[in-house]
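Paired with subunit B in one complex and with subunit C in the other, subunit A is shared by the two complexes that follow.
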Partner chain A sequence: MKKKKKMTLARRRAITGYLFIMPWLVGFCVYYIKSLFMTIQFSLSNVSVDPKSGYSAAFAGLRNFKYILLEDGKFNKILVTSLRDIVIDVPLVLTFALLMAMLLNQKFIGRTIFRAIFFIPVIMGCDAISDAIAQARQAAVGGISSTSAAITESSASTVNLDYYVALFKDIGLPSSIIDYVVGAVDRIAEVVDLAGVQIVIFIAALQSIPSSLYEVAKIEGATSYETFWKVTFPMVMPHIITCLVYTVVDAFASSEIVQYSYDMIFSSNSYDYGSAMALTSMVVVCLILFIVVAWIQKHTFYYN
Partner chain B sequence: MKYFRHKNESAELLKSDQQISNERRRMLKSAKNLIFALFRLCVLVGISYVILSPIIEVVSNSLFADTDATDPMVYIIPKRPTLEKYSAVIKTIKYWGVLATTLLHDVVLMGLQILICSMVGYGFARFNFPLKKVLFACVVIMIVIPLHVIMLPLYIEFKEFDVFGIVSLVKGGPINLMKTMSPLYLLTFLGCGLNSGIYIYLFNQFFRGLPKEIEEAAFVDGAGAYYTYFRIMLVNAMPSVITVAVFSLVWQYNDYFFTKLFNISSWMSMKISTVYEQVAAIYDINSPTITQLYLYAAVVLDLVPVLLIYAVLQKYFVEGVERSGIVG
Partner chain C sequence: MAKEKTRVKKRWFHREKQLNRSAAGNGLLFFFMAFCGVFMALPLVILINNALKPLDEIFQYPQTIFVKNPTFENFKDLFVVMSDSWVPFSRYIFNTLIITGFGTVGHVVVASLAAYPLAKHKFPGKNILFSIVVLSMMFSYNVTQIPNYMIISYLGINNTYLALILPSWQFGMGLYLMKQFMEQIPDSLMESAKLDGASEFTIFWKIFMPNVKPAWLTLAVLQFQQMWGNTGSMFLRSEKLKPMQFALQQIAGGGAARAGVACAVAFVIALVPITFFLICQSQIIETMTSSGMKE
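Now for the complex of A and B:
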């Protein structure tokens, strides 16, 4: 008797739970699952657009994928460049965001103002005005917001960047590292724009670390360098995964390859090729994401 | 006696030695702190400059007169500041009307987002039901899938809108929902709007962090699940509600993906994207440098409402983000 009553309560709770998530469940089935199936169907068929009756699709097997991978010269190239950009950007954005979050997490005068300024990229992150902002950025000559190429070109500048780059090369640092750093500094504006949300997440993560851990580290005589690697970094690790996923998705959504498939669908009206491109790029990115997250997860320490 | 005196002296000597070394350590430490504070200030000011410089450029350029744009002597500070670009843009895109419609729909959509996403997040956080883990994985998948993969089916879905053939039965054919706001409302109402996955995830993390005792007390007192959710949990979730409110207001307002996909031409971001061509055509301007000034004015007009909202909610927002469970 008692057992039966408990069962019904559990079942009632389950039904209430379903009621709570019902709107999303319906939406997910109708818009996401159906749409994904439709995209797969498009990519596997030969779609012809008819202005009167809409479209007609005839099954064509893997022909579209063969076409975009082997015959369309541009797709491969753009996919590789986009992926390379993402792979280069992600560690850069994450490192930068973590460093900035650690600086902004300290107590100092004017912290509120700086935090507010660092939030602005989150707000500005939109396509409609980003072009205008990018143009304005180019126009704002000088300072670190312009590229190093612009600095070396402008005659008014007294900084000779090539000289310093050559200096580091003379020391014997491998040129690939120097190029990476120079490239990173070159694109500091982009990195800042990409890192807005991540900085917020990292600040919240840093504040969630119990202060007792730092006290212990201090009593045991750890230097701040050791404290970072033994306390801060492992504790922030789970959030690095969150940020990693967000960064990759964000970077992918604004990458060239997405633009290319968008143009393919809406400008050239090639529904089949566009769908195949979108699917291929998505699968590749998800695969990379899955591998990287699984690898990090293996090395992640969970406090709770 | 002598021995004792000697010992005392040496103790004094020792003490002063320690004092000196203490003092030196303190000085070293304060010097280190000062250098670090300077370094921190340099980095933060530098990065802030990177963030703010284009905004300064846009604002100052939008005040330029036509002659200033081509004058090589003018940089940042205009020689003849004028507001004519603003009045021209306001007239061209019918700014006030567009702003009112956009903000109105934006606020309603924000309310819907908060309501639906918090409900779904609460459902995932507090109830046990079969397939819960699989379904929550679907929420994560929703965040990860780039929108462009499903944009074409969505386009077709709303271009020939027909729910299970009901619409065809009533109206005799599918209806075209392009150029209307209804796709946005439908998507948001069904928890699939702009960034809804992120909001659901956020609310879920937050509700999971709240103590269970409040709800148990409410349950013992005879409150139903919906009463508990509306009157107790949602009130307690205020920080994350504010976070989602700001994110959703700002991102929806600036959204260009859905508005472009559904061709909602009366949305602010759509107007801004076409203002360049419009101004060039209406005022017969051939120089791209001067047309650019109008675009800058339009960008300022576009951003001012967002920045105002942000300025008002900023304090709550920063607190909200930190306290809410945006982190895994």
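Now for the complex of A and C:
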């Protein structure tokens, strides 16, 4: 009895906190943490296929990391390119998404339809749908010669740009024009495609700003420009971090470097190198992300 | 005096213009959005038109965007193929409903539950836990396929619905999203509920969840889209357990003879997530009026 009384309020609260997290944490540890550890284990060992137990992993120290960083001809280059792409994409995506969210948050005719339209790339990017579209296209254009293996490979990236290009080629535009336009629009299409979810997050964020703040701003005679910088932007700031993290995760998942480690694992069958590559690139991106988020967080205004 | 009056009037007019956007500005914005929108809507427009094209128009080269003689022949063909599948087609639909439904609802509930203490409580290990969540989001699913498969088969839930549903509950993204939104809710709201004698769960369920409705609806849309796109080909071997997407893809993969059916399939698969999104979006708009927060 006495022991129970000794439990402080903070301790009791901590226990409630853990109780709330428990359902999530158990699954997370069993599934995600374990696969993370297994990947770390693979990256540190020499993995080979074993007919009896499936695989055998002999500890090999940092050999794999040494190989990918010093000997592999492509890894460093691809890593740098991927990072550069992410760095270019992220501010563009965030600016575009915030702008679009603000426009879509206003009252005008056909708002719901417009919102849906801007979400289309997200839905189209999902595996089943892009596969189905690619299949339909292949059936119509490629005919019998197309194989299903080629289809799945071409739809591996979430940005279904090939589909657009092929579409215009089918309509009958000369290829030199297409190449030029694609080169110029390449980034824009990517940005717009990546921004779907962020637009939805920003709309949700804009919706949760108390309307009284806008009323006050209006009464005080603020222009819409001032209202944006003094009310909307500070209130949305925490969600800019959310979107930043989401964008980086999204861009990283579809980046070349992940594709390269994937190929390493499943095409070259070297699971050890592939794991080491995945880990290295992940750590690098995370480090950059944590630094940037910490910097933004310092300048973020929190409502309470 | 007359001069002064006009000046005042002019100024007032000028002011009004700044507060509310001019008609020209509105038109420009509308045009800008329409321009972006057309580009983004094009795949969907073509998708719908293709589904309505008769076979000769599908094979026409160069392809046209709009259908000339719309027909439901493709859908009829699809129904014919569907009706003589190995397992009754309703079974595939049932599987999809189970996987998508439980995956979406479970994820939203579990992630929100976990996000609440992360956002509003203080306890040891909180920051480390949160960092791991962010780290886990970086971990590409493609690269960890082999460990994932090994864990699933070690747990003995291989070839069951659970193999798809359970891991989906713990996606880091949902937790992250919910936590960011819950942090925005003022502490005073929580405190006043506590003073009125509400339990932690009541606070979570009756106060936090309604207030972050835009967030969890967004999350539901995302998760639905992800679960819907899941063909489950990695874990589900038994034909009876496979979702509709898998069956439809098999149907669509029948080569040139099935080109029309494949177009109809693409349309059907894309239609449901878009409808779900539209329903959720209209709900998000309603939240604005219902949240009565006053600081």
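Following the convention adopted for this analysis, the second predicted complex is superposed on the first by the 214 of 304 C-alpha atoms of A that agree within 3 Å, B and C clash if a C-alpha of one lies under 4 Å from a C-alpha of the other, contacts with A are read in each partner's own complex, and residues count from 1 in each chain.
The working rule: contacts are C-beta pairs under 8 Å (C-beta built on N, C-alpha and C of every residue); 3 or more make two chains touch, one makes a residue touch a chain.
Because the structure is a prediction, the values reported are computed rather than measured.
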Subunit B versus subunit C as contact partner of A:T81, first or second or both or neither: neither
First (subunit B), second (subunit C), both or neither touched by A:S48: neither
Partner chain(s) touched by A:Y18 [first = subunit B, second = subunit C, both, neither]: both
First, second, both or neither for A:K34, with subunit B first and subunit C second: both
First (subunit B), second (subunit C), both or neither touched by A:H239: both
Partner chain(s) touched by A:S175 [first = subunit B, second = subunit C, both, neither]: neither
Which of subunit B and subunit C A:S212 touches, first, second, both or neither: second
Contacts on subunit A seen with subunit B and repeated with subunit C across the two complexes: 10, 13-14, 16-18, 20-21, 23-25, 27-28, 30-32, 34-36, 38-39, 42, 54, 100, 103-104, 108, 112, 114-124, 126-129, 132-133, 135-136, 139-140, 143-144, 192, 200-201, 203-205, 207-208, 238-239, 241-242, 245, 249, 252-253, 258, 261-262, 265, 271, 274-275, 278, 282, 285-286, 289
Touching residues (chain side subunit A, partner subunit B) in the complex: 10, 13-21, 23-28, 30-32, 34-36, 38-39, 42, 54-55, 100, 103-104, 106, 108, 112, 114-129, 132-137, 139-140, 143-145, 188-189, 192, 200-201, 203-205, 207-208, 238-239, 241-242, 245, 249, 252-253, 258, 261-262, 265, 271, 274-275, 278-279, 281-282, 285-286, 289
Interfacial residue positions of subunit B with respect to subunit A in the complex: 37, 40, 43-44, 46-58, 61, 116-117, 119-120, 122-124, 126-130, 132, 135, 138-139, 141-154, 156-157, 160, 187, 189-192, 196, 200, 225, 229, 247, 250-251, 254-257, 269-270, 272-273, 292, 295-296, 298-299, 302-303, 306-307, 310, 314, 317-318, 321-322, 324, 326-328
Touching residues on subunit C, where the partner in the complex is subunit A: 15, 18-19, 21, 26, 29-30, 32-33, 36-37, 39-44, 46-47, 50, 58-59, 61-65, 110-111, 113-114, 116-118, 121-124, 126, 129, 131-132, 134-144, 146-148, 150-151, 155, 166-167, 169-170, 172-173, 175-177, 180-181, 183-184, 186-188, 200, 204, 211-212, 214-215, 217-218, 221-222, 225-226, 228-231, 245, 248-249, 252-256, 258-259, 262-263, 265-266, 269-270, 273-274, 277-278, 281-282, 284-285, 287-288, 291, 293-295
List of subunit A residues in touch with subunit C within their complex: 10, 13-14, 16-18, 20-21, 23-25, 27-28, 30-36, 38-39, 42, 54, 100, 103-104, 108, 112, 114-124, 126-129, 131-133, 135-136, 139-141, 143-144, 146, 148, 160, 163-164, 167, 170-172, 192, 197, 200-201, 203-205, 207-208, 210-212, 218, 221, 223-224, 238-239, 241-242, 245-246, 249, 252-253, 258, 261-262, 265, 271, 274-275, 278, 282, 285-286, 289-290, 302-304
